[in-house]
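Next come two complexes, and both contain chain A; in the first it sits with chain B, in the second with chain C.
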Partner chain A sequence: MRKYVVIYRSVLMENLQYTVNIAMGFISYFFIIFVFINLWDYMYAAPGDLIAGYTKEQMIWYVMITEMIWFGARSTTIRQQVPTDIRGGNIAYLVNKPYWYPLYILAKYTGEWNIQLPMYAVLTTVIGVTMVGAVPNFHPVTLLAAVPCIVLGVTIHGMFKICISMLSFWIEDSNPFQWLYDKLILVVGTIFPVEIFPASLHPILKLTPIYTVCYGPAKLIVDFSVEKYLEILLAQVLYLAIGCGIMCLLYEKGGRKLYVNGG
Partner chain B sequence: MKVIEAEELSKHFLVKQKEKGMKGSIKAIFCPQTEEIKAVDKVSFGVEEGEVLAFIGPNGAGKSTTIKMLTGILYPDGGRVEVLGIDPVKKRKQLAYQIGTVFGQKEQLWTHLTPYDNFRFFGAIYDLSGGETEKRIAELADIFELADFINTPVRNLSLGQRIRCEIAASLIHKPKVLFLDEPTIGLDPVVKENIRMLIRQMNRELHTTIFLTSHDIGDIEKLCKRIVIVNSGQIVMDDSMEHLKYHYLNKKIVEVKLQEETELPPMEGITIRKRKGRHVRFEVDTSVMKINDALRSVDAEHVEDINISNIPLENIIMEIYQSEGRADGL
Partner chain C sequence: MLTAVKNQVRVCALSVKYNVMREMLNKVTFLTNILFMMFNNATFIVQWVILLRLRDDVGGYTMREVMLLWALAASSFGLSRILFARVFSLPDLIINGKLDSYLVQPKNVLLSVMTSETNTSAIGDLLYGLLIFCVFCFQVKRLLLFLLFTVTGAILMTAFALLMGSLSFWFVRAEMFGNHMVGSVTSFNTYPDGIFRGTARFLLYNVIPVGMMTYHPVHIMVEFDAAKMLMVFGYLFLLSAAAVFVFYRGLRRYSSSSLMEARM
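Right, the complex of A and B next:
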C-alpha cells in the first residue's frame, strides 16, 4: 500500500504547484452559485416556504455542497488520461511497473481532489455564510459523519469514471458515456435534490450513483438524521464494493485486448 | 543459464481497414473490415545471463511487440515465454520487480518532480526501504554523474540528462534484466557515447543482462556481442556480432571529393558506386583489401575531402532479409 501513498504524495506535490490554476475555477463556481441563489430566491415566494421538504437556505446550501463536490472532484486523470493511455498505447509503459494500474490512477485522482476539494470547501463556506447565512439547525458534529461520506462519495465517483474510461479497451471513444454519466449526476443529483423528482422515481434514483456521490453527503449536511446517515453509508459501502468489482473485471478483460500502436 | 526463453512466440493484431473516401467511411460503419497482422510469428530464441543482445529489425518488424510480450505488457497469442523463470503473462507484477525497461520514445519519469524525487518514487514503487533507496540513489548518481542536476525538475533537463535519469530510474531496484528500446534515439553523438559507456559499465559491474533494440548501428556495434534480426515478425538471423561483422560489415563506403576529375584504377575489392564530376563514391570490401590500401589508390595530393563510413544498418538488414528471403524461396 506504501507505493500508492507515494503515488498520491507525488501528485499532491505536483498539484500544489497549480493552486492558482485551481483557483481560476472559482470563477465558474461562483457564477453558477450566484445564478442558483437568485433562482431559488425567486422560487421561494415567502420566507419559511418549503419545496420538496427543503427551506430556501437548505436548498441553496444543498446546491452549493453538491457543486463543491462536483468541482472538487474534477480530474483530467480519470476523464482524459485513462482513455488516452489506452487508445494511445501509453498504458503499456505504466502496466509493466509493480503496481496495479486502476489503483495507480485512483491514487493520482485522490492526490488531485485532496487539493481541489478543500479549496472549494473554503470557498463554499465563505460564499454560503456571507450570501445565504448559516445552514439551518446545523451542528458542527454533523461534519464528523458527513466528511467521511463526502470522501467515500468522491471515491465512488472516481471509480465509476475510471470504469467508463476503461471502456476505451473496446470502443474508440468513451467520451459519450462520460457525458451521459456527468449529465445524470449534474441534473438529477447536483442541481436539484432527489426529492424534487416524482416519488415514483425515488427508488430508481436510489439505485444510481447519484445517491452516493452527491445527494447523500449534501443531504447529511443540510438535514442530518442518524437513520439517513446509516442508509447512505450502507449504500456507499455497497457501491464501493460493486464499483471495485466492475473496475477489476473491466481491467482484467480489457488488459487482454490491449493493442499497442507503434510496435 | 538462460534468463530469457521464447518458444514459438506469436502475436497477431486485428487492424481495421477502410476503403478510401466518404463511401469507404460509410461502408466501414455497416460492414467493418479487419485485417490480421502477424506482428510476431513463431519466434524462438534464448538469452544467457549477463549477455548483451541486440534485437533489431526495420520498423514494424515486431521488435517492440516482442519486448512487450517479454515484459508482460502484451499477451501472446501462441507459444511460450519465460523471463528469469517467470511467465510474464501469469506473473507480470512479480516479474516487474526483476526487470527494468527504458523506452527511448516514452518518458517514465514524472516531469514536474526532480530526478531525486523520481528515484525516491520508483524506490517506493519497487518496495525498497528509505535507507536502501538513498544508498541506491547515491550509487546511481555516482555511476551516471547525476549530481549536478539531481535536484532540477525533469522538465528542465536536456534530453541527454533525461535519458541518463531514465536509465538510472530503471535500475533503482537492481534489475537482473534490462530492456532498452531505442535508448539513444534523438541524442547527439557525445551523449550517445556516454550512454553506451554507462550501459557497458552497468553490464560489466552489475552483470545485468541487456536486451537492446536500436536502429543505431553504433549502439549495436559498441554494446552487443550477439545480434538477432527480425523482419515481418520472424527471426531472419541470430548470430554473434563477430560473425555479422565478418560477413556484413566488411564493406566500407568511401566518398572522395577530388580537386580535378581523375579515373580510379580498377582494383579487386573496390566497387565504384557513383561518380559525378569530382565526386566519387566507392565500396571497399575489407575482407579482400585493407582500407588504407584502398585509400592509396586515390592520389592523396588531389583529395579535397574524404569520408569513410559503414554501410547503413538498414542496408544490412535489407541485405540479410533479402538473402534469407531468397534462401527460403520467397
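Right, the complex of A and C next:
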C-alpha cells in the first residue's frame, strides 16, 4: 500500500505546482453556474415556489455542488492516460512494474482531485454566498457528514471512468463511451435532482451512478436527513464494491488481449 | 487573382478531403464517433422535456424554438470543426513552434493551418443539427435560412477561436483562457437568450459571439427581420477581419522551435 501512497503524494505535489492552471478552469465553471443561476431564476416564477420539493436557493446550490464535484474530479489521467497507454502499447511496460496498474491510476487520480476539488469547493462557496445566498437551514455539522460521501462519490466516479477507458483493450477509441457516461452524469445527474423525474423512474435512477456520484453528496448538503445519509452511504459502499469488481474483471480480461509487438 | 483564389479553395478542399479519408482508415471507430456524438447530443432532449414540463416556455422558447437553437448550435459547431478543427488547437502549434511546416508552403498560411485537421465527431454534430431541424422545425424557406446561418455560425465560431488562439502569440497562459472562452460559447448557445438580462445579455450579443451565432439567427428563422440579418453579417465581417488581423500580427512574433516536422 505504501507505494500507492508515494505515487499519490508525488502527483499531489506535482499538482500543487499547477494551481494557477487549475484556477483557470474556474472560468468555465463560472460560466456554467451563471447559466444555471439565470435558468433557475427564470423557472421559479415567484420567490418561495417549490419545484420537486426544492426552493430556488436549494436547487441552485444543488446544481453548484454537483458541478463542483464534476469539475473537481476531472482528470486527464483516467480520461487520456489509460486509453493512450493501452492503444500505444505503453501498458506493456507498466504491467511489469511492482504495482497493480488500475490502483496506480486510481492513486494518481486521487492526487489530482485532492487539489482540484477543495479549490472548486472554495469557489462554489464564494459564488453561492455572493450570488445566491446561504443554503437554507444549513448546519455546518452536515458538511462533516457529507465529506465522506463526496470522497466516496468521486472515487466511484473515477473507478467507472477507468473501467470505460479500459474498453480500449477491445475497441480502439473508448471516447464515445466516455461521452455517454459523461452525459448521463451531466444531463440527468448534475442539472436535476432525482425528485424532479417521474416517480416511476426513481428506482431506476437509484441504480445508476448518478445517485452515488452526484445526487447523494449534493442532496445531503442542501437537505440533510439521517435516513437519507445512511441510505446513500450504503449505496456508495455497494457501488464501490461493484465498481472494484468490474475494474478487476476488465483489467484481467483486457490484459489477456494484449499483444507485444516488440520495438 | 481569381485563379489564385480558385487554387487556394481547391487546396483547402483537398486538405479536408484527405483529413476525412485519414480518419476513415478505421471505419468502426469513424462510425462509432459519429453515431455516439449524435446520441450524446440527443441526451439533452431529456433536459428540455423536463424543463418544459415545469413551465410552458423557457425564456420565451417553446420546444420548437429550443430544438431550432440546438440544431443551429450543433450544426455550426460541427461544420466549424469539420473544416477548421486545427484552429481550436492553434495555441499548441504556436507554443510548441509547430507552425514552421505551414510557413514554408507556397499557399496561404492561415488557411493551410485551419484546414489541416478534421474532427470526426463533428460530423455527428452537423448531422444531428440537420436531423433535429428536419424532425422538429422543417419548412423549405427556413431550411435555406438554416443552411445559411449554419455557415455564418461556423465562420463566427472559427473566427472567435482564431482570435482567442492567436493570443498565445503574446501571453503564456492565453491557451487556457482562450479554451475556456471558446468553451463558453457552447455553454451559452444551447440556452435561450430570454433567461439572460442586463450586462450578461449585452456581453452575449457583443463580446462572446453567441447572440450573432445562434440567438439572432433563431429569431430570424422564427420571424424574418432584415435588420437583424444585416447585424449578423456586419458582426461576421468585423469579427473575421479582427481575427485574421490579430493572427497575422501575432505571426510576426512567432519563433520556431527548430522542430523537424513533415506534413503529408
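Going forward, the second predicted complex is superposed on the first by the 259 of 263 C-alpha atoms of A that agree within 3 Å, B and C clash if a C-alpha of one lies under 4 Å from a C-alpha of the other, contacts with A are read in each partner's own complex, and residues count from 1 in each chain.
The rule we apply is simple: a residue touches a chain if its C-beta (ideal position, glycine included) is under 8 Å from a C-beta of that chain, and two chains touch if they have at least 3 such contacts.
Computed from a predicted structure; not experimentally measured.
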Between chain B and chain C, positioned on chain A by superposition, is the outcome a clash or a fit? fit
Touching A:95 in the superposition: chain B (first), chain C (second), both, neither? first
Examine A:74 and indicate which partner it touches, taking first as chain B and second as chain C; both and neither are also allowed. neither
Counting residues of chain A in contact, which comes out ahead: chain B or chain C? C
Given the touch rule stated above, what does A:3 touch, chain B (first), chain C (second), both, or neither? first
Looking at the overlay, what does A:13 touch: chain B (first), chain C (second), both, or neither? first
Angle at chain A, chain B to chain C, CA centres, as a multiple of 10°? 80
Once the structures are superposed on A, label A:256 by its partner contacts, choosing first (chain B), second (chain C), both or neither. first
Could you state the shortest Cα distance, in Å, between chain B and chain C after the structures are superposed? 6
Overlapping contact positions on chain A, where the chain C interface meets the chain B interface: none
The chain A residues in contact with chain C across the complex are 20-21, 24-25, 27-28, 31-32, 34-35, 38-39, 41-43, 45, 51, 171-173, 175-177, 179-180, 183-184, 187-188, 191-192, 196-197
Interfacial residue positions of chain C with respect to chain A in the complex: 26, 28-29, 32-33, 35-37, 39-40, 43-44, 46-47, 50-51, 54-55, 58-59, 121, 173, 176-177, 180-181, 183-184, 187-188, 191, 194-197, 200
Give every residue of chain B touching chain A within the complex, in rising order. 13, 60, 63-65, 68, 71-75, 92-93, 96-97, 99, 101, 103, 106, 108, 110, 112-113, 117, 120-121, 124-127, 181
Within the complex, chain B is touched by chain A residues 2-3, 6-7, 10, 13-14, 17, 90, 92-93, 95-100, 255-256, 258-260, 262-263
